[in-house]
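Look for chain A in each of the two complexes below; its partner is chain B in the first and chain C in the second.
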Partner chain A sequence: MLLALIRRVGQMLFVMFGISVLVFLIFFATPGADPAARIAGRNASPETLQAVRLDFGLDKPLPVQYAKMMTKLFITRDLTSFVNRGWKVIPAVMDVVPVTLSLVIGAAVLWMAGGIAIGLIAAATRGSLLDRSLMMLGLIGVSMPVFWLGEVMNLLTQSRLHGTWLFSWVPPLGYKPLSTDPAGWFLTLVIPWITLATLYMGLYGRVLRANLVEAGQEDYIRTARAKGLSETRIMIRHALRTSLVTIVTLFGLDFGALVGGAALLTEVVFGLQGIGKLTYDALKNLDLPIIMATVMYASFFVVTANALVDMLYVVLDPRVRTRGRSN
Partner chain B sequence: MLKVRNLKVSFRTEQGVVRAVDDVSFDVGEGEILGVVGESGSGKTVSLLSVIGLIIDPNAVIEGSIVYKNRELIGLPQRELRHVRGNEIAMIFQDPMTAMTPVYTIGWQIAEQVMTHNRMSKSAARQRAVDLLAEVGFANPAAAVDRYPHELSGGMRQRAVIAMALSCNPSLLIADEPTTALDVTVQAQILDLIQKLRRDHGSAVVLITHDMGVVAEVADRVLVMYAGRIVEHGSKRELFKAPWHPYTWGLLDSIPPMEGARPRRLKSIGGNPPSLLALPPGCAFAPRCRHKFHRCSQRPGLAGTDGHQAACFLPPSERETARAARTPVAAGAS
Partner chain C sequence: MTDQTASPADLATATRAAHVGRGPWVTALRKLRSDSAAVLALFFFLVIVALCLLAPLYATYVAKTDPFRSNLSGKIEVGGETVPIMATSTEGLGLGFTPIGPTWDPTAYMLGADAQGRDVAARLLYGGRNSLLIAGASTLICLILAAIVGLVAGFFGGWIDWVLSRCLDVLWAFPVYLLAISLSIVLISHGVDIGPISINAGSLALPIFIIGIIFVPYVARPIRGQVLSLKESEFVLAAVGLGVPAYRILLRDILPNVTTTLIVFVPLLMAINMVTESALSFLSIGVQQPNASWGTIIQDGQGLLYTRPMVAMAPGIAIVLTVLTLNVFGDGLRDALDPRSKLRIGTT
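On to the complex of A and B.
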């Protein structure tokens, strides 16, 4: 089992290396474009261009350029933006990471708890009115675009109903760091969490219900019934336990993508300076160093999340464990 | 011990009501092995599933009476049925490959059942699992207890399933085609095991199968089902010596004879079992029966002595000759 884990980490590092090469090549070796001009941003002076060429070793062969770039990104961490002169890229990314992580982790807790509850209740009461209403609600949740839902939430909690007891606790938009103001951190994030979680909650609830219903046809569920177990125990210890693999797979993909910047719309709507917002602004200004850094960061996060999911499989499914051993 | 009377199970489907089990009555005595034989879809599994209340399809309608140790099981709330299930009546299923939850060790799954029905500590339940695994023939039960189902062969899995079924010393064990999915050599071992368990624990066994050979091996009494009805029942000795129903004849013909010349081909019963949606009005077997005559357009009731009954209109005196007449015809046809 340990060997399987080590091998998976090795694979992960290899994939990350591949991604960094690919991203580097896209930016530095695309034919017909001068990387110096792109790094320097729009309307750069010839002196700036010359400085960039020297700094990034653009007159040297590609492997050297790659090494220089990676050194700047990971070792000296002094990659600077030329659009916002003197802005250090890595600290800029590191500054916004907690915002995105706070948003996504909180929402993830909410949508996993909600999704699993919805799936379990719907599957347990299959065919009933409750089941159908939950699935309908889930569908509505999935269908509501997050920017629209976010704006509606803002409208209600920030203006229309802000005066009432219901939403008077909602602080103005923006992010408060957990370390300095934990209560403010929590309160500002509650509405964004709910907004982001709504979509995934509906999705996970529906997927889990389908999975549980399918598991209900399995022979081992019939065996569990024949053993005289209670329905609750059958549902949770047997059906849910074997359905977890699907949910964990989905979760790994969604979580990785969201932390990698896919939470952009939520961040924009709620005025949270997160990684998505940073990428979006960099793209608007064609700020190549920032784009490089955020793309690398995002891809690394997706890869890490997937590796973690694979490791979770090993924990969740003994059959994966044995396969690793026999190979 | 178990008395089933006029059991009827029907399912509402889009095509209409399907009567999967029609007016089935039988008894199981203490320590007895009852073989229930029939083709797929003859209602044998459904009738026994309804005994332990495992038909959970909301479209199923179950009527009749199932009395187990003087307690009516039909209409018993699920809460109380659960105490019977796995505790007093245990069931093992056809395919050991899929019968256990893949993510738990077999020891965990046996201990789960033990702890459901008995106040017992985790370690005691685990010890019970080890003992049970030893009893059903695991060479190294202390290690096997921590094995996952996928790490065991089919025969070993079925032994583990049987160990689980026995964990609460049930007085009735329902085995639904326990050997069908196994190799022939393993089949024999499992049948031996079931007989040994009956000896050691005194449990009664209902053995559902489509294999007359299996029945001949272990059963005391035999129930032959066709299209949801009982067509013949009697002691194994009587039924094999002088079967009355043409369907039973057909089933017996499907076993290769142990003595005499080897037939070039085994005889088969022509045609297919009828759709339960469109049963013929009279005897359900009539369309496939070579001996049918005018009376077969009515539904025959079970008739005969206490020990041996069949649902067939053929007069008892003609049965022997009719059956004897089959052999040359069938041999010629082959």
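On to the complex of A and C.
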């Protein structure tokens, strides 16, 4: 088991290294324009360009530039923006982490609960109208761009239906810190949570249903039936338990995709000042140091999260100890 | 003598299929045809494609507008009355302008105007062309790259496989949107010049290329897995034993066996690519102005969300319908071609 864990950590470190090289190459070695001009932002003065060249060691060979970049990002943490002169990037990223985590964790709770409920109900009523409409709704949820759904939600809850009893409690867009205003924190996040969870609820419901239906044909389910157990008990204690393995695997992958994707779009639409919104604002200003920092930190977070999920498997599931999960 | 129920007709089809050598394809097509949801979805998808292709005809002959030029002072006739396209705003200080809302009259700003007085309906159709083009072309790029990587890695093994697999590992672990954002911001801010190839910053080739490569690992990994097991199959071993050259084995024996997997990916990838394109365009790092795509129109409509919601709603509905038809058709196609497969790629 220890060997498997060490191997997984090694793989994680390798992937992190690969990602950092890739990001570095994208930002510093893409042919076409002078990297200094990119980093300095729009209409930079010659002095700024010179400062950027000096700061990032752009006159030195690529491996030196890479080392310099990584030192700035992870060791001295003094990467600065040139669009907002002198703004330290890493503390700015760290400051907004709680916003993104609040959004993602709340949505994850909602979509796991919703997805499992949908999957169970659909599988239990297989072939019925309820099953088919749940699956159709799930597919519609999967097909919606999350930022557009967010706009629809905003239109309804902030404008068109805001006057009615249904949505009059929805506060204006923005984020309130959990430590100072717990009620406000909860209320401002409810609609973003629902928006973000809708997409994954549909997906998880569909996957779980397929798994449960498949599990229904397994020998151990037949045995459980022969023992005279109730259908509910078979479904929850026997079929669901094995199907959850797939769901947890998916969760590990999607959680990562979410931090670096759908959450970003949701933050933009709902004006939540998290990592995604920070990245978005940097995109608007062409503030590349910010983007480098958010991309690097977010992807390292994702890689670590995935590795932790995998290691959890190694500890929990004896079968994984002998063979790699990823291949 | 185990199968006694086979009718002469069945036997006839079986032998004919054997003669033509297209048995699985014919069966799959028949299965797909009997899946009414998939057929209906394909029909709707083709209708959407056709409508978008007709965009220039609609703009020139029906709506009579130029969807790429702002029209802030124009007037149109609605129900016998002449109204300005941009009316003085009645909200706030009355300084801004509110574009005309939906008239539901196909000849005059059917879905209203956007903040620059451009016809939303005409832009929707033109935007659809770009969205569909990007989704389709990036799917093609993704499949070609993934097929090459998967085949080469799986077939040759050794250090080639090791290098390619580690590259895939890195790409796979890299959150797709972050990768797309990094590539887009660098390429779109200044365009690309690689030797003789020069792509300017507004070119559609950039989003096509970016979306085309970010999903490669999701396809290449299953292909590689399939090739690994095909490599051990008798017919490949026989070909190797006969001294057939490697490229010939790859193209004639292995590639045909992974085409079903590749085909199954087409609609599902197109659906994901379409959503990705809209997201990138919404973040203003996809399709660039004055070009339109469904994502950019949603972005245009963001400022008008509470006054003229149609600008943002219409393209979103178009995306949902298109992606939905692709997903339903994709499910049907997968069931028909490869019923036991568990292919799945994450959507965002």
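By our rule, the second predicted complex is superposed on the first by the 308 of 327 C-alpha atoms of A that agree within 3 Å, B and C clash if a C-alpha of one lies under 4 Å from a C-alpha of the other, contacts with A are read in each partner's own complex, and residues count from 1 in each chain.
Note that contacts are C-beta pairs under 8 Å (C-beta built on N, C-alpha and C of every residue); 3 or more make two chains touch, one makes a residue touch a chain.
Nothing here was measured: the structure is a model prediction, and the numbers come from that model.
Chemist: After superposition on the shared chain, which partner residues are touched by A:222: those of chain B (first), chain C (second), both, or neither?
Modeler: In the superposition, A:222 touches chain B alone.
Chemist: Once the structures are superposed on A, label A:241 by its partner contacts, choosing first (chain B), second (chain C), both or neither.
Modeler: After superposing on A, A:241 lies in contact with chain B but is clear of chain C.
Chemist: According to the stated criteria, A:130 is in contact with first (chain B), second (chain C), both, or neither; which is it?
Modeler: neither
Chemist: Between chain B (first) and chain C (second), which does A:139 come into contact with in this model arrangement: first, second, both, or neither?
Modeler: Second partner only.
Chemist: Let me test your reading of the model: by the given contact rule, A:159 touches which partner, first (chain B), second (chain C), both or neither?
Modeler: Touch partner of A:159: chain C, not chain B.
Chemist: Per the overlay, which chain contacts more chain A residues, chain B or chain C?
Modeler: The partner that reaches more residues of chain A in the superposed model: C.
Chemist: Could you say whether A:230 touches chain B, chain C, both of them, or neither, answering first, second, both or neither?
Modeler: In the superposed model, A:230 contacts chain B only, not chain C.
Chemist: State whether A:23 touches chain B only (first), chain C only (second), both chains, or neither.
Modeler: Only chain C; A:23 stays clear of chain B.
Chemist: Which residues form the common part of the chain A surface touched by chain B and by chain C?
Modeler: In chain A, no position sits in both the chain B and chain C interfaces.
Chemist: Contact residues on chain B for chain A in the complex?
Modeler: Per the touch definition, chain B meets chain A at residues 52, 54, 56, 58, 78, 82-87, 90-91, 93, 95, 98-103, 105, 112-113, 116-117, 148, 150-151, 161, 164-165.
Chemist: Within the complex, which stretch of chain C touches chain A?
Modeler: Where chain C meets chain A, its residues are 166-167, 169-170, 173-179, 181-183, 185-187, 189-194, 225, 271, 275, 278-279, 282-285, 295, 298, 301-302, 305-306, 309, 312-313, 316, 319-320, 323-324, 327-328, 344, 346-348.
Chemist: Write out the stretch or stretches of chain A touching chain C in their complex.
Modeler: That would be residues 11, 14-15, 18-19, 22-23, 26-27, 30-33, 37-38, 139-140, 142-148, 151-152, 154-155, 158-160, 199, 203, 207, 250, 253-254, 256-262, 264-265, 268, 279-280, 283-284, 286, 288, 291-292, 294-295, 298-299, 302-303, 306, 326-327 of chain A.
Chemist: Can you list the residues on chain A that touch chain B in the complex?
Modeler: On the chain A side, the touching residues are 127, 218-220, 222-231, 233, 237-238, 241-242, 316-319, 322.
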